[in-house]
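Both of the next two complexes hold chain A, though its partner changes from chain B to chain C.
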Partner chain A sequence: MNVQLYVWQRLTAAVMAPLVLLHIAVIFYATRQDLTAADILSRTRGSIAWASYYGLFVAAVSIHAAIGVRNILAEWSPLKNRRADLTGAVFGLALAVLGCRAIAAVVLP
Partner chain B sequence: MSDTLSELSVSVWRGVAEGRYETYTVPQRASQTVLDVVTFVQRHIDPTLSYRFACRVGVCGSCAMTVNGKPRWTCRTHVVKVAGGGRLEIGPLQNLPVIKDLTTDMEVFFEKWQAAKGVFAPSKTRHDPIAPIRPDTPARMAADAGIECINCGVCYAGCDTVRWNSEYLGPAALTRAWTLVNDERDGGNTARLQAISASGGCHACHSHQSCQELCPQTLNPTASIAGLKRRTAAAYLKGEITA
Partner chain C sequence: MVHRVSGLGLAIFLPLHFLALGLAIHDGAGLDSFLRWSDQPLVKLAEGGLVFLLTVHLLGGLRVLVIENFDWRDGQKQLATVAAAVSAIVAFIFLVRVF
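Take a look at the complex of A and B:
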């Protein structure tokens, strides 16, 4: 890992830390209040706030996890730097696509 | 009167990368060091045994070996502290090529020391007045904390990251870089921070802290490397170095 990847991984970790706590709080709230899927969707659909919140979350996760997977591959697998870079990037892109799809499912009207 | 207490069973690595442990019986004595044991084997049992030592008092850093699975400076390691059940297994340092028996090739270790820009880069000439250095500044105290490294290679041999990442510069080279980064007389820090920010530099460290645990000088290379991570990240964000 070089300094660029290090900085991106630390920055995205710093972004994710409060987002994870809020995400867990939301899960507790939804289960304690016995919210149904319809209740949740009525709050999230068309909400720019929820779209922004989870959009930022997905972006941070995709970058952070891509760098982490790239590092694991570079250190522990026969894939060395260039191939590990590429595999990590594909993994991050897949996470971003899946995450955006999930966000679209709950915020698009 | 003999000062022999009893006998030690000592397994010593013989060979190069391929080889075997051979067992010798050595008299156990009071205040005996592991280096004394190796020397006894070489002088009284098998003169073909190869090993390296110089000062015998923990200054030169020449005599590090693997003792019962851990890298140690053998001249300052007392047998009674490490020989559980009167048994000793002595091998060459790990993570370094073996030349013969207990002697390792330290070339890659010192090449990485150079790659980390571990050489002082003067910012003044001999014609300038001597720079007054206050010993109580945070930077000087950080430099002093790492400057007692004797380059014995114990931290390098005990480092998990060195084991699986041959590019990694290692704790000793990075500790040296950290002392120079904090030396206000040094003028080579941009190049130094650039060198240790590349792949295999300080960001490869996983902070396992084996170096801190094993360092015979009780230095803390992990803390030095953490300092380098902070310093290089700040330099990168300011645009002073590139990825």
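Take a look at the complex of A and C:
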């Protein structure tokens, strides 16, 4: 892993630590009773705060996971570095697209 | 190793998580139908596993950040054990709540 990737992975990890803590708290709060779409959407629809939170989360996790997958492929699979780079980048991009779609689904009114 | 395997597990789960949330793109009916499907005991058990993976990856990541950025080298193995134990407790509490 080069220095740039190392810095990005650690930076996104530091950004995500409080976000993950809040996410775990939300999981526990949301599952205090049977989970329904109405429960979730009543909290998130039209909320700039949740949109910003999930937006930052998706951006950070897409970068973090892309680098992590790239490193695992480079070290644990027969893929050469270039292929591992490409696969990690495609995975990160797919995560970012799916994540943005998920945010739009739960946040847009 | 635990950190890497938990990260890989989360990376496999994340696209599915986003696809499930995306079911609400038109109205809540699709998401509701998925949530009813997820009421099955095996799915809840898998969710408990995911809570464990998320917590252990978070705590393992914090451990890495602390070791790399602060002058703290003692008790690293104990920290890893504590991370796994806390994650197991969090996942167990989650399972008790959802069952």
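One rule holds for everything that comes next: the second predicted complex is superposed on the first by the 105 of 109 C-alpha atoms of A that agree within 3 Å, B and C clash if a C-alpha of one lies under 4 Å from a C-alpha of the other, contacts with A are read in each partner's own complex, and residues count from 1 in each chain.
Following the convention adopted for this analysis, a contact is a pair of C-beta atoms (placed from the backbone, for glycine too) under 8 Å apart; a residue touches a chain by one contact, two chains touch by 3 or more.
Quantities reported herein were computed from a predicted structural model and do not represent experimental measurements.
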Once the two structures are overlaid on chain A, check if chain B and chain C clash or fit side by side. fit
First (chain B), second (chain C), both or neither: which does A:A13 touch? second
Applying the touch criterion given at the start, work out whether A:V3 contacts chain B, chain C, both or neither, answering first, second, both or neither. first
Looking only at contacts as defined up top, I'd like to know whether chain B or chain C touches more of chain A. C
Per the contact definition in the header, classify A:N81: touching chain B only (first), chain C only (second), both, or neither. first
Superposed, chain B and chain C have a smallest C-alpha gap in Å of 6
Chain C-contacting residues of chain A that also contact chain B: 10
Listed in rising order, the residues of chain A that touch chain C in the complex are 10, 13-14, 16-17, 20-21, 23-24, 27-28, 31-32, 34-38, 40-41, 61, 65, 68-69, 72, 91, 94-95, 98-99, 101-102, 104-106
Listed in rising order, the residues of chain C that touch chain A in the complex are 4, 7-8, 10-11, 14-15, 17-19, 21-25, 28-29, 31-32, 35, 38-39, 51, 54-55, 58, 61-62, 64-65, 68, 90, 93-94, 97-98
Which stretch or stretches of chain B touch chain A in the complex? 164-165, 197-199, 201, 203-204, 229, 232-233, 235-237, 241, 243
In the complex with chain B, residue positions of chain A that touch it: 1-7, 10, 75-76, 81
